[in-house]
Each structure stands twice: as structure tokens, then as C-alpha cells.
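In what comes next, subunit A is part of two complexes: it sits with subunit B in the first one and with subunit C in the second one.
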Partner chain A sequence: MEAEQPPSTWRHRRLRHRQTDPLAAQRRRVGLLFTLPGVGLIGALLIYPIGQTVYHSFTSWDGITSRWVGGATYSHLVHNPEFTQVLENNAILVLAIPVAIAFPLAVAFLIHGKIRGWRFFRSVFFLPTAVSWVVIGFISVRFFANDGILQHLLNNVGLGFVHPDMLSHERSALVAVMITFVWSMFGTNLIIFLAGMATIDEEIYDAARVDGAGSFSVMFRITIPLLKRFVQFTFIITLITAFTALFSLIFVMTGGGPGYGTTTLEFFIYEQAFSAGDFGLASTAGVVLFVAVAAVTLLQLRLLRIED
Partner chain B sequence: MHKKLIVLLIVAVALAAGSALAATSGSGKVTLTLWHNYGTEANAVAAVNLAKAFEKAHPNISVKVVSQPAANYFALLQASAISKTGPDLGVMWTGLFAIKYQKFLLNLKPYFSSAEQSKINSLRYMAPNFDPSKGFLVMPLENQFYMGFYNKALLRKAGLSAAPRNWSELYAACAKLKAARVIPMVYGADPQAIQSSPYPWYDMSYLLAGIVSPAQWKDLYTGHMPWTSPRIAAQMTKWVSLRKKGCTNKDVLTKTNILGAFIKGKAAMISDGNWDAATFQKALGSKVAPFVLPFSDRPQKGVIQYSGDGFSVLKYSKHQKEAVEFLKFMMSAAGQKIIIAAGLIPDIKGYSTTNSLSTQMLDFAAKQGSTPYPMLDNVIQPEVVTTGQKQLDAAFGGDISVNAALKSLKATLDQLPADRKGSIYK
Partner chain C sequence: MSSIELRVRLVDRRWRRVISRTLIYLAFAVITVVMLYPFYYMALNAFRSLDQYYAGHGFSLASWRNLFNALPVGRELLNSTIITLGAIALILVVSTTGGYAFAVLRYRASRLVFLVVVATMMVPMQSIIAPEYVNLANLGFINHRYGAILVYAALGAPFSTFLMTTYFRRIPEDVIEAALIDGLGYGRVFFLIMLPLALPAIFTIAVLQFIQVWDDLLIGLLFLQTPDVRPITVGLATIPSQHLLDVPLLMAGSLISALPAVVVYLIFQRYLMTGLTMGISK
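Here is the complex of A and B:
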């Protein structure tokens, strides 16, 4: 009688079988063949440009000729007084992300509960997603301007003595950009949460209600824990949007000012490359941005894994 | 039958290809692309009319005029130059702006005789290192002014008979205009501005003209006169106080359409340039007059008069000969007539303007003893200009201190390599 073999030996044997099986080998070859166009495309359009950016981040490059200068560009960047403020601006912008997630999550919960007119609200809240950043920027300028809609609202409720004139001051201009950003992300995140809530089994809710759970208990003890993956996803896309997709909004709303008040890292990259013509320094800032987004994303993924 | 059809097809294709080839080579028509960032200002009128007249004079050349946004014109021009997909001709600012982009620009010296070059008034500022022996990169379109304009009727309404000439007169005028419920000076941006807030270098040029000679501006380039100099800080402090004293509208950084406010008689004075003079004249007639911005303790004796812009040929152009021909046409009597008709002041010797506002501006230096200065932003490093656009505005808006803004300019200059602040303009 053959003694029972340990599972590891079984796996080893199955692997060896797959390696020697001609059909499996052919499938592997075909599989590789099919992935080649994808690999080629990603390599050409993503990996190669990233590699080039990393290379140019060590050069003095004016767009035509480049000269290897090693880490000097990084030292130059770190000693650039404006760069500190740019990093600060990005750090402050991160504070908008929880708000950009919490608001749509709460509203999605209400809409999912089929409150009166939920279909109408779903469409209305999703609307900003279909509007271009440039248009959103122009609307925001009209809203936050010294004699804009916000000031008129304040005048009409008897608070005319308050003149926020938000776009004229460094910090308040950044807050105006953050508010606009939260508003424009609202629709996207709302739809993601609604899609997530649709995947939750209704019986779980029914059981909770039978057990006497109220709306808040249902939201905090059932919905949110079961939406963890969706929250994680929205966090990542909101972070990436905040760091890499607000250029047109800032360009239209504030031009990065007053001073460097709303200059974010991506705006700084544009200015260095196309205003100052220093493509080397712009590449260096690009690498910093890439590392920052990757680091925050990885940290967030790691924290969620630890919780799991 | 089948073979006959194939032969017929081949003959048809060959004939079509032949006729197409004959059309191309026979007509020999060349299309030049010209980019400008003038919006609809007088310079744009001149550019479009020059292109039309040039086409008429050169039936084998057509000129496609493309209006690019002012705010990121140079970014677009640079990106297209790197990929060699841009225009044959483009608007170029002179001085250090042209030097910054000289890698993309054709040196025009071999194409123009010495006699032709000597006709250009401000050839120096078109040249690498401001040295005409090294050639030149830009054909100037016009002689420009950074200039204040005032509404005579509004000043009269406030009991003022003339425009202010120094700081104390300016502050006094502000008080009287405020009492008459008129905004003394309007600041902000206009729809065609190069940025969404005031362009601070108009005023900065006059602030510096109020304390140093034109030759000393090189010291700002080299750093021998630091941006944090107490004299500059004192001038800046007085300038910033304009808003604090109510000499300006409150929303200096965010107000739009300032030209509209001036034209509609809501503001008495504006800091601008001669390119808007025709617009002011059309709307206000004889009520508008130019004045040198009075940013000086003594009566201001400097006037910012300089050929700030023109056209360059891009190095990668496949039609360099034709593009140079366009520049020669600009210099010709026919070209200068078009430039003058658009309300601009010619920069070619032998031609002058008849426009009354332009004549008044020219008279500051020609008859009233003012000293002409170049535009400050054309003779200092573009990096410092960019920082200034942000930080000087932030100081003017009261968001950062004067010293912080000036420190920022100094830090930008300090960070440049030594050869970018040496004796040679680079």
C-alpha cells in the first residue's frame, strides 16, 4: 500500500506534468503571444515614457539638448523655496479627499434607501461628472469672485458685511479649489457607491431590521464595512484626480495664484517645463509626484490589508 | 475583358497621379503659418492685414494666420518647436524673451543687408546678447509703450486739471477722485490678458524707472543690485499702499474686463500699454490722454518706450525663404503703411505715426525730456519675470509682504547658474 504523499509533493508533480504536457506548453505559448500586443503597448506608452522621465530627471534639459547632471536637479528642487509651498498645497489638498468620499457615501446611502425622488437626485448629483473641468472652473470663478454668486448670496441673507473674496488670498483660494474639487468628484463617487450598495444582499438589511437595527446602525455596521473595497477604490481614484487631474481647473480658476497659493505639483511641473523651459527640473518634479501618489496608494492598500 | 479592365484602371490611376503631381509642381504654392497672441488688439489687425497684403503681392504664397491664446502662447510655441510641428512665423517678444527661445529662432542677419538692418530703430534688443554684430532674431512690429491713460473728464469732475506726476500728487488725486465717487485706478485683467490677474511688470518698470537709470537695469540682471534692495522695497511699499489707500478697486487680483471699466467711465486711470490706445480713443475720443505712471518721489522722468514684439522665423520652417520675404514686406513702405493704419507706432526709420495719442506718447521722450527705458521684463531673466508675475501680484493684493515678494525674486535669481547672470545676456 502506497503511503499518502504530502500535498507539496503533489503540487510539485502537477507542476512537472504541466511543464511536460505538450498541450499545456502550447497553451502557454499562445497565451504569451496574445499578451504580447498588450505588453508592447503598455511598454511603449507607459513604461518607456516613465523610464525616460526618470532619466531626464537627472539631466539639465531644455527640450532640445540634455546634459547629465546627476542628483543636482533633485538638490535644486529641494532648495527651491516655492517647491516647499507646492508640497504644502498638495498636502492640504489631501484633506479634501475624506470629504470627497464621505459626502457621496452619505448621499448614496439615502438614495439607496429609495427616498422620495431618488431617481431625480441620482441624475442631478451625477451631472457634474459630465461637465468639463474648464466649464466647472469658469462656474467656480463666477461663484467665488468678489462680486460673484457667493457674495450675492451673503448680501441677500443679511451677511453683506462679510467679503470672503476667496480667490484673492492664498489659503482661501486653495479652499475654493478644494470645494470645487469635492463638488466635481461628487457624482463619480456617488455612482461608485451606489453600484457597490447594489451588490449587497437585501436579506442582510432585512435581517438587521428584524433585529431592530436603525438606519445609522445599518449604515455603519453593514453598509460601510461591506463597501470597504469600493471606499478603497474611490480613495485611490480621488487621490489620483487630486494630484494629477486638476491642472485645467487650477489654470482656469486661479492660474496657480495668488502667489503660489494654488500651485500644486502637477501645475508646478507645467510651469517649470513650459514657462521656464526647464524640462529637466519638470521631470524631477514629475518623478516626485509619481513617487508621492504611489506611496500614498500603497500605504492605503497596506492599511486595508492589515485590517482584513 | 478582365485584362482590359485592369489596364484601364492602371492607366486611370497613373493619369490621376500625374495630374495631381502636375498641379502641385505647376502651382508651386507655399503656405506659411503665422501664430500670434494678440487676440483682437491693434497688433492683431496689423498682423492680419499684413498677411493679406503680402498674399496679394506674392500670389504664390498664402499666409494662414492663427490666433493663439495669450496666456500660454509661449508654452504652445515651445512645445511645437520641440516637435517641429509649429508655425513658420511666430510672434516673439524681444530682449531676453527672444534670447530664451533663440535655439528655435532663425538668425536673420544673413538675409538682410547692413542698410536694411540699420533701418531698424531698436535692432539692439532683437540681437543675441543685445549685440547686433551677432545678428538679430526678431523683426519688430512696432514701437511700444507701457503707459498710463487717464480720463480727462473724470479728473476734471474731481477738480484736477492734470494727471499726477509723482507719488504725492497721485495720492492727492486719489483722495479727490474717491470723494467724487470714481475709482482712481483700475487694476485686474482684461479678457485678452496674458494672465488672469494684473501683469505687474508694467508698474514695476515705472517703479524702477523712478529710482535708477536705464543703464543700472543691467545690475538687476547680474544681481549687483539685489531685488531686496531697500530702495526697491521702498518703491514697492508705496505701490502696494495704493490698494490700501483706496487708490484702486478692492478686487485688484480678480477683477476682469478692466478695459471695459475704464472705457465706461467707472475708473479715472489705468496702467496699460499703447496696444489698447486705439480702443480707448475709439470709445472716449479726446477725453483720453496718456501719462507716465507717476511712481516717483520727484516728477517721473522715465518713460517705458521699447520695441517689445515682432515676428520671428522658426528654424525648422521648411519655407524659410518665403517667411523671410514676409519680414522684408513688413519693413517695406506698404507694410509700414498697414502697421501705421492699425494704430501702431512704426519702429522702422523714415516712418512715423499721425495718431494723436501715439504722438503724445512719443513726445514724452522727444519733446518733454523724458528718458526712454526698455520694458523691465524684457531685460531681466524670464524666470524672475515668472516669479514676479505671481509674487508681485500677491504683494499688491496684500497676501504676502513686500519683503517676501522681493525675497522670492532674489531667490529665483540666486538659483540660476552663474552664466545666466553674468556680463553676457543669456
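Here is the complex of A and C:
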């Protein structure tokens, strides 16, 4: 029988060595010093306010004085018909996500088939990512407006009698926002899928081809299953963008209207705080948004970890 | 199988290949038009007068004159530049120091602190916008560019720190240990060895944040309301309503506000794309 050795003697020795070492003390000191700026910034401007948001979600708050009202703001929010519509709008936004993933996934599959000039196509498709939602919003208004590009297209193909006038009706205005959103997410998700496809071993494709698999069965049986992690990642990114990054687009395109037709949760928070002056209700809605985003993110991360 | 049959099959396969290639390029041409037409429309109509816009042809610089009369464009572009560069500088300081500390200078609880920092990536700005506004107002930071710079830096810091940490973790420990044996302290290791090695990651963060901050509206809209400090996106989004029907003016404003970020994108797109995918590759 061999003498029992601690599994990693050298490591213990090294740790002990480090603890007595003046260098180790320096490491800890410099380590603390170097974390301070970031932690200070994030602590003061992200963590502290999220605590305030949670606290004030239980208060009636106008920005100056606040009064504890317990869960009253929550029940107030739930019974608010506008808020019901806001949640409905967010639910409808979710419907855009499969579209925003499917298109770039299909195109990534085509680009990966070694198309000549794919770098050019990639740059073009990714361009909207570099452009402000404000600019995209202004152009999008010109597209969907009653006298806009869409109407001109319809006139040119002999459908001039159709007047969608999408921005003037609640549901169609939301659909216009969703189309713009899918259009601008296209490049971002495409880049992610291309990065994902680069991780797949070419030999698998060769083997599949030898076995006589056609393009479609390669895509559905091999590429998509192997890209699962990337599909889930784009799902998180797309959902978070839809829920938390469309403020500027909505502000420019529709101003949340007509009615509450395009008021999503994030826009509702802005309106409550800075138009209605109800900082308490804005905080309550802020908690709802935070919980929604955190829940989806954690759930997805959990799924990823279990499968690894 | 007869040789004729075989040849028919080969020709058949070649034809199918040609057809599928053609269809792919056709699809790509359509997508390219869909992606580029809006920008073409913007650039075209930015150089028309209002009458030419309605007529559908012509070239004029009238829209630019009107734009500069309606908005202090130069001032707003300067503000955008100052705010963007300020935020990038601050983000680089906190993310390189933080990333170095979390990756190399581990101390007790540093892992926990790192997890908290990463978790703050999930905080949506809109969730904290009300208390953030009240806090900065109480400090008198509203309508000062440094107020917005601080908020942008805080928003960009978690992801950038995460990115720097994963980057520094990939640098072999031997490199650091060798330098320490040579008598460099941890501080000098950072400045003389780690920072030069991290230049690609630093570039990636700078490009990502340039586009993020330059293109943003919400922070500027709330924290920078006066014309002398507000960035171009705010000026454009809150343009007085009498100009909202002047499409050439709006397109000229859109063009000039989009241009800097697009130029940065076209020059540095490689960094932007790696930054985007860095979050998933382990």
C-alpha cells in the first residue's frame, strides 16, 4: 500500500509560501485598490439605485417626498388598464423574436456555404447595428407613414387602393415597430450565428455529405442542434433588446402611441416618471422589468449549464 | 450504371449547383437592397429641398442650411464627441484595472465581487432611471456633461470588466511570474506588461462603447436637456415640431448624426464583431 499523499502537495506549499511572501500581501493590496474604481462606479450608479427602485416600489414617491404604502402600488399597477395593455404589448413583442432569430440563422447557413464576397454581405447586413435608433426611427417613419415608401411601393405594384397607414392604428403601429426591430437585429444575430458556425468541425459536414444528406437535412439535423447554445444566446440578446433598448425607437417613431398602442414596459416607466411625475409607480414598473429580464437571463444560463 | 446515365447525373448535379448558387445570390441581392435602401433614401433626400423632395428629383443644399438654422449642430456634435470619449476613457480605466484585479490579483471575496459586477449586466437602465435621476439631480449633476459621462461609464463598466477579465485570464501565468521574479511589482506588471498585451481587448471595448454611447438617446434626454450640453441624438429627437414635416431637414440631421458611428464601424468592424461574440466563446 502506498503512503497516502495529499493530492497536490506542491500547491499547498505554494499557497503557504505565498501567504508569508510580501508579494502576496502586495497582490491583495493592489487587488483591492484596482477593484475600487469599478466597484465604486457600479455600486453608486447601478447597485444603489436598484436598491432604491425596490424600496420605492413600495412607496408613493414624487421624486422629493416618499411615503411607505406597502404593496399598494403593485395592486394599483395590476388594476391599471393601461398597464395591462403595456404587458400585452410586451407579449406581442416577444412574437418578433423567433422571426429575428430564424432569418439570420438561415442566412448564416447560406453564407457559411462559402459564398464569394461574404465579407461584403456581412458588413452590409451588420450596418444597422452601428446606427442610432433615433436615425432608424426617423427613416422608419418615412417608410410606414401614410404618404411614405410603403405606400409608394403599393401604388407601384397596383395595390394603391390599399392604405395600411400603419402608424395611425394601435396594433399596426406596434407591428411597424416590430418590423423595424427585426430589420435592425438581423446583422447582430447573423454575426453570432457565423461565429457559432465557425466552431463546428468541417469534418462533420463532409461525413454527412458522404452519407448523402441534403442541404436541408444538414441544416436541421446537424447545424441547428450544434448551434443550440448560440440560438439561446441570441434569444437572450434579442429579448433584452426588445424589452430594454427600444425606447429611442419608440420615442421617435410613435411616441408610445397611438393611444398606448406602442407603449412597452420601458416606455411606460419613462412616461410615468417624467411625464406623469409618479416616481413610485415608475419604480414598481421598474422592478417588474428588472425581474422579467433577470428571470429570462438566469433561466437561459441555467439551461445552458445543465446541458454542458 | 451505364456511362451515359452517369454523365446525365453529373450534368444534372452541376445544373442543380448552378441554380442553387444563383438563388442564393438572388436572395442576398434582395437582402442587401432591404438593408441598404433606408440609408440610400436618407442620403438621397438629405440633399434635396422640400420642393425637390415632393417632386422626387433634384439636388440642393437647402436642407443643410435649414438644419443648421434649426439646431446648433456643431455644438451638439462636439457635445456628443466629448461625452462619448469621456465615457470610453472612464470605462477603460475601470475595466482594465478591475479585469486585472479579478483575473490576476485574486484576494478573499474577489470572486464574489466579480460575480456581483457581472450580475449588474442584467440591470436595465429603465428600471433604475427614476432614482438615478433623483440622485444626480440632488448632486447638481443634471445638465453637466460629466453627469451623463458617469452614467454611461457605469452602464458600460460591467460588460467591459467582464470582457477584460476573461482576456487577462488567458494570459499565461508564467509571463506574470517571470516579471515578478525580475522584481517588478504588481502595479508595474499592469502598466508595462498587461496593458500592452491587452490592446486588442481595449480596442474592442472602445469601439463597442463608442457606438453604444454615441447612438444613445435616453441618458442625454434626461440628464442633458439644455441646448449647450445636449448631444446630437437629443437635439434631433426633440427637434421642434414645426420641422417634423421637413423630411430633407430630418434626413440631413439623421445623416450627420449617424455618420461618425458608421465611420468608426466601417474602420473597426473587426473589433466590434469579436466584442459581440466574446460573450459566448468561453
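In this section, the second predicted complex is superposed on the first by the 246 of 308 C-alpha atoms of A that agree within 3 Å, B and C clash if a C-alpha of one lies under 4 Å from a C-alpha of the other, contacts with A are read in each partner's own complex, and residues count from 1 in each chain.
What we mean here is this: a contact is a pair of C-beta atoms (placed from the backbone, for glycine too) under 8 Å apart; a residue touches a chain by one contact, two chains touch by 3 or more.
This is a predicted model, so every value here is computed, not measured.
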{"item": "Which of subunit B and subunit C A:146 touches, first, second, both or neither", "value": "first"}
{"item": "Subunit B versus subunit C as contact partner of A:63, first or second or both or neither", "value": "both"}
{"item": "Subunit B versus subunit C as contact partner of A:290, first or second or both or neither", "value": "second"}
{"item": "First (subunit B), second (subunit C), both or neither touched by A:46", "value": "second"}
{"item": "Which of subunit B and subunit C A:230 touches, first, second, both or neither", "value": "second"}
{"item": "Partner chain(s) touched by A:205 [first = subunit B, second = subunit C, both, neither]", "value": "neither"}
{"item": "Which of subunit B and subunit C A:276 touches, first, second, both or neither", "value": "first"}
{"item": "Subunit C versus subunit B, contacts on subunit A by residue", "value": "C"}
{"item": "Overlap of subunit C and subunit B interfaces on subunit A (superposed complexes)", "value": "63, 270, 274"}
{"item": "Of all residues in subunit C, those that touch subunit A in their complex", "value": "20, 24-25, 27-28, 31-32, 34-36, 38-39, 41-42, 90, 93-95, 97-98, 100-102, 105-108, 110, 113, 116-117, 120, 122-135, 137, 150-151, 153-155, 157-158, 161, 180, 185-187, 190, 211, 214-218, 221-222, 233, 236-237, 247, 250-251, 253-254, 257-258, 261-262, 264-266, 269, 272-273, 276-277, 279-281"}
{"item": "In the complex with subunit C, residue positions of subunit A that touch it", "value": "23, 26-28, 30-32, 34-35, 37-39, 41-42, 44-50, 52-53, 56, 61, 63, 107, 110, 113, 115, 121, 123-140, 142-143, 149, 183, 186-188, 191-192, 195-196, 199, 215, 229-230, 233, 240, 243-244, 247-248, 251-252, 265-266, 269-270, 273-274, 279, 282-283, 286-287, 289-290, 293-294, 297"}
{"item": "Subunit B - residues contacting subunit A, complex", "value": "71-72, 74-75, 78-79, 81-82, 100, 103, 195-197, 250-255, 382-383, 386-387, 390-391, 393-394, 397, 399-400, 405, 408, 411, 415"}
{"item": "Partner subunit B, residues of subunit A touching it in the complex", "value": "62-64, 76, 79-82, 141, 145-147, 163, 165, 167-170, 254-261, 263, 270-271, 274-277"}
